[in-house]
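Shared between the two complexes below is chain A, which has chain B as its partner in the first and chain C in the second.
The block that comes next holds the complex of A and B.
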């Protein structure tokens, strides 16, 4: 028989298992408040059941074994043998984590979860608590397949089969059974009992009237023969009896030339199959009758989705991006040679192409609800562990953003939420003492504004302790002892590497690797993070993320002959100044004064090593950008305009270049680099040894 | 003419596995993620075999069997249930609803084809 490799279906299993675990978790969290909700219990059970079935089929034994015990427990819970308790929900939630880890183990060879044995035993303990009389079916051998093919010597059997009248109505066919017997050995004799066959006029063509007796010589065991009839309906009968040797020998001699079952039985099963074919061929009843019965049942509510390989989707979006560029190139060509109809049609086409691009970008958008839902669990776990009372609220769950952004924001978000629950929210007694309700509130809100998505994490906890942060910052050498920092600057210290003020490092939020990692992750998504906090009243952390990583609103600028794109988000304004307005400060370099604020000036020509025509203009054109609350003035030669550009990843095609976020292709087919404002602003410090770059202006 | 099989399971991986196995045995396959979908995709097609999971959202396997058997085109169609060991009572319930036989999970493609051979010519 052909060999089919089931491992090819594993990838699909991993994806669906993740979905199942997620719905299990969601239902479990709801179950805490509605312990007897049968729908929830069913959902949880079904998810576990599905995972078990598929994992065992695809040979992921660890998952199968674990889920099996879990499933038993869930079954008891569902059937009311067990009742929902906090302890039990806790155990079930932990079990989900274990399954997650087991799946990671199967998929990526991640280490097995440490608590595997403990949780497994705990599940078993719960199982045995409630009348553990039921035999573990996983232990019992699979009777249908693994049993009974024990080697046995050749034997003779008399087998009889009396199908029920409505045998065919179960999709059964006696011919198949007889064939199977035929394949198992040698049919010595077969007898058809047609005594029940009515006169032709009374025959019901859909009924089965015949019965058979077969003498079979076979190596197969009696169990194997019985297995042939495993699917018989209740009213059908069969028997398998070992025939005595002489009797069988006698029958052999009396019928030396046995007919093959197929030949002998051609009448009855053929008749049966004939009806079968008629039924399929020219259906006497119109099909619409059955269709009409349940059209309304179809497609209820749930969002229908198609899973598509992300690479294919990216490829599509990329190609559409190329199409946009191609179309705008044609448009420009046409503009220079012709006018009238051609141009009109082209601009209509251009619009369609841009709409198409917008739609294609929408394909990557997914709602953030799944990520938010994960946080539910995070808050709950922290609250349980630290005996705090925390209410978790989410809004804007259906806000959509780029799938890759959603994937990458999850970990930083977990960290932030955990921090808020752990460090932000006070223990109930402290809260009451401070005149607040005992229950703290942590809320997550997502919303779109312009080309950005904002995720806002708010807690009504103790807020940031400026004094302690400043002190810590000084201790860690992050700020000078005599530095005069603004309130916002102090708050932002928590985003510095290696900063942690929790006096006792809890095992919830861990140590050190905190908000600086969050900031780095967010920034790698071209986003930013900021915090506002009022002592005693709580903190609000706002994460700004781009709607998509595929396109960007940019300001096109010219530097000598080259065109660069500055992300519009970081652009504050552009101004013209006289060269004499530029000053040099030792240790800082060139600066300008903008409405009383000293802003460092960066000459992009120098940073990016572009030949600068030494023109001594009357005016110097500057683009003021902001990053991390820090303003910079970038000197450029010309502003070319604002344009939405398709981001081409430089790392994927070349390598990471400091100061450059990516590249794009302009309407005229030229390549332009997209500046990474934050990267650019750090370039001088990297190159600060090259003092010639920072010599004060000769001019 | 190749035979057509209707494969019904809410688990995508299981459904794909069963469908792929049947395809490799020469079947054309229709797929549904639950009973409702199964009824809908098979509304206008003659089917030679149905393989369905039991526990599914929207409409479970047993109900699906009952619904299918009501259709004249499905009167004699072999229907296999995908069960697990813990669902022994379900086999009987399925049988009573009109199912032809069952497959016990976990199974491998060879076992599936062996069982299919029991019920499809």
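The block that comes next holds the complex of A and C.
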């Protein structure tokens, strides 16, 4: 059975495990504030159980073994043998990290987590603490993660399983359940009840008619056995009954419904294994008291999603893009022959096609909530480590962004949030001394405005110390000592490489990788980042990101015969000047004066090596662009208009071209290149007489 | 799951180690590339030039939504350039995971060449011939068989005398 290509499923497991870990983490963080929320505990427990089950299936035993112990602990927590404490939550959070590392180990041969043994022992300590005289045999004997488990007192159970008719339709397989039981212990006897089996002529091949009774000898607790069945659909029934009463007494204390020897063999799962099972079949979304944002909401979303290979998705979007072009070509041809009703139908079709394109681009959009949730943990960890009190608030969690943007913004965001919590928020005593509440607030807000998504990170901490930044900037040679900088310019110095304002390099941040990396990352996503700060009152960092990397608002310009696209984001304005307004700067370049500001002029023809036919114009058409805080004037021949273009990269079939950010396909099917405004300014000019290479802001 | 194609499944190498080559002319010389790498043949259409590229890179073309670079093989071999006419075609080839287009004077036919009928590329001294897979003699024709992967990924071949 396992001869099929397991690696594919393994890949799916890794993705799924990451999801589970994420929902565990989210629930744990909420648990801190609502220690008795049984739903949260159930969510955590289910996630752990899923990881355990799947990892065992795929032979990732380290994960299975570790999660098993974790699961035991969670079980005690859920059953009230243990109460939630900060210490415990801390341990559980660390456990998540360990599982993550173990999974990384299985996937990429990453090194095993260093704290594996420590955490493992710690989990066991909690386990034994909570159980008093009762000890899970599997746990009691182990003191180190790597020691093998020793058998202990084993119990005998009679387990019966009555799958529902449409058991298979729910994606279940009794064989898997039986195997799982088999792995837990020794099957003494198994009986198949085929009394429901109809004559062959009436058999529905997709229905399940059989039922089983298994006598099992096992070290596992009754709860463990029940957990095997935790994903049964609601019409299926099972029961687990201890065969010998004295052993039952020793092993089933955790069970909410102690079974008497005379108990009915068939109990519905809801009645048998407690509250969590009641909702399973009919209500995938566990109800929760907190309405604002809870992981359970997300869970229900997950149940309705389909995982699609990104390549396939891109292909689909590509093809639809082609369809748009094709349709507009047909439309233009119909226009030229004035096809009357044909034209009418065509414009109706054109609308559908455009809607389709919009929808297809929407397929790549995902809410940012998962990323925000991660930040929750970051803030918490920093606060714990530095004994600060920080409240973390998020708004606009459901704001949608292109998947690839979300993936790439995560790291810079972690960095910023960590900075805000570490450098921004003061220790409680300082805050009180400054007349502020002891608890600081770090908030993240996402919202859409126009074609952009804004992520705003706000803290009510000490704010930026202008004097210190300036001083440091001078020390590092970033600014001249006598430079007269505006407040905004001073603030933006922190985005310069190698800038870290913390007086002491803490364990949390300040390792020399600073906001410059954040800026570079954001800019590589065609976004921008800026900071506002009031000393003593806090800072606000605003990150602007494009909605998607797949399309771009562009200004179409003509250079001789070629059409180029300039990203509209960087376009400030376009102006017409007389050739005499261009000033030459001692053979190194040309500049124009724009409202008192000197702006370098770039002749795109020269930089891009395009023949220029319009040398003796009376007017020079310039597009003023801004890139990384600098203005540049690009000379073009004609403005053709503004258009949304689908970005195609050149690297896919070719290679990166300096000065070119990518390509796109115009309405007439032609390929147009998208200019990389920053890159183009660093290109050597073809005209060697007039070489003007602009030094990039930071080389 | 099997990696070795059985003879019946492979269209290019038939029973006796015979490979098929698409032949084309370039400056009156006959050349061939293995047909398995050929995706399609297109009439020459307008390409968008890419700035600051070697001369042999004509530019990029839209191939049903994919941006495909176009290489002028005449330029690649430093041959005199020719007017593009109605015979000029673009052979779209797959090189690894990339798609590229080759501009040639005209396509001729498909040539079946037995493996033992391919002679090694002659040693031309200082001139790099690593992009030549061999020479195929068929009747009185002499066809230069190109190793397209080598040709398009190895930059030294650009400067062929």
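To be clear about the criterion, the second predicted complex is superposed on the first by the 491 of 699 C-alpha atoms of A that agree within 3 Å, B and C clash if a C-alpha of one lies under 4 Å from a C-alpha of the other, contacts with A are read in each partner's own complex, and residues count from 1 in each chain.
Keep this in mind: a contact is a pair of C-beta atoms (placed from the backbone, for glycine too) under 8 Å apart; a residue touches a chain by one contact, two chains touch by 3 or more.
Given the structure is predicted, the values throughout are model-derived calculations rather than measurements.
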Check the residue A:75 against both partner chains and state whether it touches chain B (first), chain C (second), both, or neither. first
Would you sort A:670 into first (chain B), second (chain C), both or neither based on which partner it touches? second
Chain A contact check, chain B vs chain C, more residues touched by chain B
Please indicate which partner A:58 is in contact with in the superposed arrangement: first for chain B, second for chain C, both, or neither. first
Would you sort A:233 into first (chain B), second (chain C), both or neither based on which partner it touches? first
Examine A:319 and indicate which partner it touches, taking first as chain B and second as chain C; both and neither are also allowed. second
Tell me the contact category for A:16 with respect to chain B and chain C: first, second, both or neither. first
Just to be sure I read the superposition right, which of the two partners does A:180 touch: chain B = first, chain C = second, or both, or neither? first
Contacts of A:562 with chain B and chain C, given as first, second, both or neither: second
Of all the chain A residues, which ones make contact with chain B and with chain C? none
State the interface residues of chain A toward chain B in the complex, per the touch definition above. 1-4, 6, 8-10, 12-13, 15-16, 46, 49-50, 52-54, 56-58, 64, 71-72, 75, 137-138, 140, 142, 144-145, 168-173, 175-177, 180, 206, 228, 230-231, 233-234, 273, 275-276, 279-280, 283-285, 287, 290-291, 294, 297-300, 307
In their complex, what parts of chain C are in touch with chain A? 1, 46-53, 59-62, 64-69, 98-100
Touch list for chain A against partner chain C, complex: 5, 318-319, 321-322, 325, 562, 607-610, 648-650, 652-654, 657-660, 663, 665, 669-673, 683
Partner chain A, residues of chain B touching it in the complex: 10-14, 16-17, 20-21, 24-25, 36-37, 39-40, 43-44, 46, 53, 55-59, 67, 69-73, 75-79, 82, 84-86, 88, 95-96, 98-102, 104-111, 113, 117-121
